[in-house]
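Please go over the structures that come below.
You will see two complexes here that share chain A, one where it goes with chain B and one where it goes with chain C.
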Partner chain A sequence: MTLAVFFGCAFIAFGPAFSLFVFTIVKDPLRIIILIAGAFFWLLSLLLSSLVWFIAVKACNGVQDPTLHRALLIFGVFFSVLLQEVFRFAYYRLLRKANEGLASISDEDGLDISVRQMAYVAGLGFGIMSGAFSMINILSDSLGPGTVGIFGDSQYYFVTAALMTLALTLLHTFWGVVFFEGCEKSRWWVIAAVVALHLLVAGLSLLNPLYEASLPPVYGITLLMAVWAFFSSGGSLHNLNTLCTRRKAEEESAQ
Partner chain B sequence: MNSSDSEEDSYNERSALVQSESPTIPSYNQDHDMSLPEETDTKRRRPVSSGLDEPVPVLVERERVATPDGEEEELTLKYGAKHVIMLFIPVTLCMVVVVATIKSVSFYTEKSGQRLIYTPFEEDPNSVGQRLLNSFLNTIVMISVIVFMTIILVVLYKYRCYKFIQGWLILSSLMLLFWFSFMYLGEVFKTYNVAMDYPTLVMIIWNFGVVGMICIHWKGPLRLQQAYLIVISALMALIFIKYLPEWSAWVILGAISIYDLIAVLCPKGPLRMLVETAQERNEPIFPALIYSSAMVWMVGMADVSNPGSADERQRGGGGARAQEGVESEDDVAQGVSRRYSAEEDLEEDRGIKLGLGDFIFYSVLVGKAAATGGDWNTTLACFVAILIGLCLTLLLLAIFKKALPALPISITFGLVFYFSTDNLVRPFMDSLASHQYYI
Partner chain C sequence: MRKMEDLISINYVKLLIIALFYTCVSCSSVEKKIYVELNDTVPCVRLLNATHQIGCQSSMSGDTGVLHVLESEEDLDWILNTGPHPPYMIVMETAFFNRSVMLRMKNSSRVSGVAVIVSKTGLAENFSPHTTCPNQNTGVYSASYGPELANCNVTAWNPLGNGLSYEDFSFPVFALKDENQTQVIRKCYEEHNLRVNGSAPQYPLCAMQLFSHMHAVTDTVTCMRRTDLQNRFSINPEVMCDPLSDFNVWSSTRPLNNSAKGHKANESVVIAATRLDGRSFFWEEAPAAEGTVSGIVTLLAAVHALQPVTQQAPPPRNIFFTFFQGEAFDYIGSSKMVYDMERNEFVIDLDNVHSMLEIGQVGLRSGRNLWMHSDPVSLTNSSVMDEVTKMTDNMQSIADGLHISLAKLNVTQPLPPSSLQRFLRVRPIPGLVLADHQTSFINRYYESVYDDAENLNVSYPPNLSPDEQLVFETEEAKSLAEVATLVARSLYKQAGGEERNLNNITADPRIVAQLLYGFLIQKNNSWFRSLLPPEVTKKGANSILSSGPPQFYIGVGPRNIGPVHSVTRFVQYIMANLTGAATNLTETQCQNPESKDLFSYFWVSGPSSVNSSGEPFCVRAPVRLAKAVSPAFERMEYGSRDYSTWTESRWKSIRARVFLVASRELEMLTLGVGVAVLLLSLMVTYFISSKADLLFSSARETPTTTY
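Up next is the complex of A and B:
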């Protein structure tokens, strides 16, 4: 256990998000602010959903019955998903308003950040915060002494937690891109699809510890969302083609 | 340990958020022609390079540029995000140092039963009512001490007892740089079981302390000075975390942000008076109290052509430059200390300053969140809340363009998020983690 598991799981869960942060966000101060504000909005949604869950548990008189406890938790999960999407929409409205406000008072053409970039950064903010909240306590526990699954639970707890966190971080990023694009173009079916997919992913996680049933479908959805987000943010096969051929042409001209 | 007065003063004095002045944007060349309008601009643009000894956080308005309004707004916005990040980084570093220490060195979380003289009432863990009452009484004592100190400082400043104030500051930073860092190093060595001999230790502490004193009170590279200011804020925050009783600490955090709000915004508030006095006299702030992110102004580059701008730039320049204090006013009048070209000034001059008290109280909040319980989510939530509060405060500064306190919004967000995350989110996330459900 300990250090090997700690570093391994930390890099699995946060590696891509960290590299995205370093390569795309760090240089631009405005993006850092949008990222942290996105994280804040996710946190607010979590707070409200925890409050609702807490009230529900207290209303059922501090649940002793494990089935009721589980049922309330599942309710909490779905409610939290819905609230996260509501806050994503709220963040979208805030960013649009900020964009318009800043554009109106400056002589130039507003900020030099487009809505698509903001969508990506906002999604990443949501993803990083969601991943951090899911994973950090588990990581700190993995450092200390202990035996995994001593009561008969799965041996693969840490690795699957890290993999799931990674998937969710990437998913939040892609959902952010697609969601904002849907809002921009007023395609409400896109928004409904994002919400439905998020609910689906949360639902799949309910199948844990049956990891074979939960992880592969979640990664399948991640791949699907990656493709969708790529095309939604203006990518196309033509672009990819030009990118590859341009690179080849550059290499040839360099020789 | 009963701390001395200077410790109290040092944190009293260190809370202020001040913005350095910006240069005259239209004067891209420092000609004789431009000097006249600049001088009038200087008078107009009198920024609140205030509060030598501001006990409480004050956000000072940024200097208005003498350009048409559209350009001014755009410049504010263009430089707004950069300034926020220039403050995010040191605040984050300070918090990281405090949290790392709290989580690893157990000394700062052990309650030894000793208290500061400023919190004389003991908190009895047995009765809730008594504990609450005692924490409120402790808060009242602490806040009255702070108010008293502030008033003394305002009086001292008004009657121009600069030497006294400077001596006071030197004493308090001496104590921080030598005594507290010695204690800190000792505890770190104990935690990691490192064998250390006294001669080596004396050499380390001596060098650390002396370089710190030079950097903070005289001249030094900007980054080094910033690093030292962050380190002493962290040390101070750790002392508070150790010696303030549990509940009193939270109530004090709340009370001090309310005090900050009152002191800065009310017309008769001590900080406002301090700010206005400093404004009238066009004096720089003592650097031992303020963290500056702006470039250091070079000394000795004579530029007689622009006495006006040199004057206001010298005032604006925080960093190591301003230790000259009052004496340098005369130098400035002779047009000493001019800077590079105006293009560089465009980028570097719009520095921003944050009082050390802000650093200290932000770190106290996050440190206490890290100390109580093993939950990292609470710490992370408080961290994000404080950063967002700082962001909002700077946004308000850009909108209102007048002195604003830096503590209230961040501390309020921090407190709200601490208590709600600890009591509501933690059980929820723990249940989710135990079943491996993901939201």
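Up next is the complex of A and C:
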């Protein structure tokens, strides 16, 4: 009956990404292309960072010092984060260059895609792929029959892993939006802030298995990024206000 | 290390590790956090004969159950009736592994498997999972041959036998041998599953999963039919079961021309036989010390003792030594040899056989007693009677000279289970079976995992190095050497040898000690290494020379360590070295000699000293292997009542692992949260995307987003 855990974790980790995909991406072929290409760029960064990791581990082979292993791990994590951000920038440059070409293969109605949309779709691509990579293995093991804990680990391991993946997918999306906005407007501090937050989240994940110490801050950052992304993609309090008032007006008129 | 594993839990780290692991080992680190694999386990597997299946099996995906350590009757009640978390996976000490407990579990649906901790602590006074009447239906006694003796009516040979090995269990049964792994299981049980004041333990609970799914079902007939069908119609035929098979080892004092089959003119042989295999409840875990090793060692020592005399003063008759494989499973080896002799496909035929002396269980002589068993039915034939009487008189006088109390049994008792019975089925051959028991077996652990060195009283004083142990002459070695001397002299006399040479025949207790050490304590010893081919000794632990004593279960044809069973190989090479002559052939000449008709050639390592690895040389000896597979499979009579029909089922994987299982509430909670997250995100996304143009339209810019 660990099928329940499998589906529960799968829904938690990929539910939001799935619904975003269904409602915002799937209608437009161009968006799908950008999404896939975004995922591909993330994979490229993974390839490079795993190469570096491999070399680093080979170099330290045979040393049984736990502090060295930990240092290696921290180095690997931060290096990987930096690589991902480099590839995000590379992807931005590519999309910028390819913008007109993309527009020409887009629908004839001239429904060309804006940079903000591209940012959102690319970010989601990054998020889905990184979420998939951090979760698939855990998901396959969640099928059971066993659960984590024989070595004294928390039995909430699968749920927390799924929640972390969920946060990560969303974070990548928001980072994508904010990062592209920063690039577009040449606000380097924005890019620096994104990289710093990414490093912070990665660093927080190193606190595991102290889930109380890692999960709430990560969700706090996710919330912060959501607000930031909302504003940087053209949202404003005014808009929210109109939405609310319109809704009220609709309700009143309905009455 | 654990801390480090925790770190890899999520996120990028994980990816990096995955990338690394895919290149090094294909095992996810999450799995390592969940499961403890138990490596040193021994399963009970399914065997089939013409009518039944015996043994154990799990379901296709393994059987899982909450661990419960069986320590008292109270636990048994908890498992079978009151415990709230069925099915249970039972871990039991040796003391509980008996028929009544196992049958209660068999009849309960609340048991998903059993793991037995094989240890000597709490071992019962006696334990034999074999039947009370071994090889009941394939011996000589039947409705047409001594009906009053059939089915062990006169003597139950193994009265302690509880028949556990011949039960069919629908759940897996494993033996745990490794002390550390037993400790892991115990710790997990005590931390999670221990009842506090009689109340049920709380989740997460410790559980175990055993995989031993068997491909074959019902019986050999069904399984062979399915295999044959697949062979005929399938491109990738999947074999369901394999006949138990290996090789008999035989030799003779005068070489016989192996390329000419059938009757040998002017040849009369005295057969000296013993069995080469044993079994136990568990697969490939048969030490068979008293049951088999005592016979093998005695006969090998006798072969060695006879060697010089038969060269200097050859007796008129030939002495034919043979070790029968698969005798525990309805006489596979002897029935095959007799079958081949009948059809002129063996090097001699039945007309060449003068008489037979078989060595049974001879290791547990209380008060130096030995008994000669004979077949009362064939004794009604006067010529057989004369020959047997002559033989017993001869042996008695030799035994008197050796101060062994040897007694002939009265003629109302049938033969114990023995290869001689297979010869008697086709011809009244004069023969005796030498054994240490008058009626039922003295062996209290017949065909069980406890029939080991300890059962045979082979023990060494402390502080002996392996090499000192190898040559240490225990009481048992001296005792068996006496028996071997008796056997050797009797054979020489039986072969017509002269009385005055008898005193020159004495078995060397040192050889017996070495044989006992090799077969019961450590097969990877310097003596065995010097007798075996260099390629075997070089391979070390991967070859047949792994650490520990050999096991005597016959097994099936092609093995991962080579085509021949390790014990068969040992006996073959020991015989070759004890009786053969060293030649100065080179390695290639040795492997491809000009003529193999009279002799086999063996390339052996040679004795090695501390600083040199020994000089390999070529040994020439009339030692042969003969296929030991039941004639039932040659004749495709899978339902045969005359021949052994035992097959061993095939399987994909045998493994065991321990882990925790989560409570149902937690699982459902996870699912609930998952569904909630999915629905919530669907609603929120739908709402936002439908209002996107409102939300994301900035006053300063033209509307850019059209979500």
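The rule we apply is simple: the second predicted complex is superposed on the first by the 230 of 255 C-alpha atoms of A that agree within 3 Å, B and C clash if a C-alpha of one lies under 4 Å from a C-alpha of the other, contacts with A are read in each partner's own complex, and residues count from 1 in each chain.
In this section, a residue touches a chain if its C-beta (ideal position, glycine included) is under 8 Å from a C-beta of that chain, and two chains touch if they have at least 3 such contacts.
Predicted model only: the values in this text are computed from it and were never measured.
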For A:R70, using the defined touch cut-off, is the partner it touches chain B, chain C, both, or neither? Pick first, second, both or neither. both
Between chain B (first) and chain C (second), which does A:S19 come into contact with in this model arrangement: first, second, both, or neither? second
Looking at the overlay, does A:V81 come into contact with chain B only (first), chain C only (second), both, or neither? both
Considering only the touch criterion stated at the top, classify A:G235 as touching first (chain B), second (chain C), both, or neither. second
Touch test for A:A132: chain B only (first), chain C only (second), both, or neither? first
Looking at the overlay, does A:L43 come into contact with chain B only (first), chain C only (second), both, or neither? first
Look at the residues of chain A and decide whether chain B or chain C touches more of them. C
Between chain B and chain C, whom does A:L30 touch in the aligned arrangement: first, second, both, or neither? first
Taking the contacts chain A makes with chain B in one complex and with chain C in the other, which residues are shared? 46, 49-50, 53-54, 69-70, 73, 76-77, 80-81, 84, 111, 130, 133-134, 137-138, 140, 157, 160-161, 164-165, 168, 202, 205-206, 208-209
Residue numbers on chain A that touch chain B, as the complex places them: 29-30, 32-33, 36-37, 39-40, 43, 46-47, 49-51, 53-54, 69-70, 73-74, 76-77, 80-81, 84, 102, 105-108, 111, 129-130, 132-134, 136-138, 140, 157, 160-161, 164-165, 168, 201-202, 205-206, 208-209
Mind pulling up the chain C residues that touch chain A in the complex? 1-4, 6-16, 18-20, 23, 28, 30-31, 33-36, 64, 188, 204, 206-207, 209, 657-662, 664, 666-675, 677-678, 681-682, 684-686, 689, 691, 694-699, 701, 703-707
Which part of chain A faces chain C closely enough to touch in the complex? 1-2, 4-5, 7-12, 15-16, 18-20, 22-24, 46, 49-50, 53-54, 57, 66, 69-70, 73, 76-77, 80-81, 84, 111, 114-117, 120, 130, 133-134, 137-138, 140-141, 144-153, 155, 157-162, 164-166, 168, 202, 205-206, 208-209, 230, 233-236, 238-240, 242-243, 246
Within their complex, chain B touches chain A through residues 70-71, 73-74, 77, 81-82, 84-85, 88, 374-377, 380-381, 384-385, 387-388, 391, 417, 420-421, 423-425, 427-433, 435-439
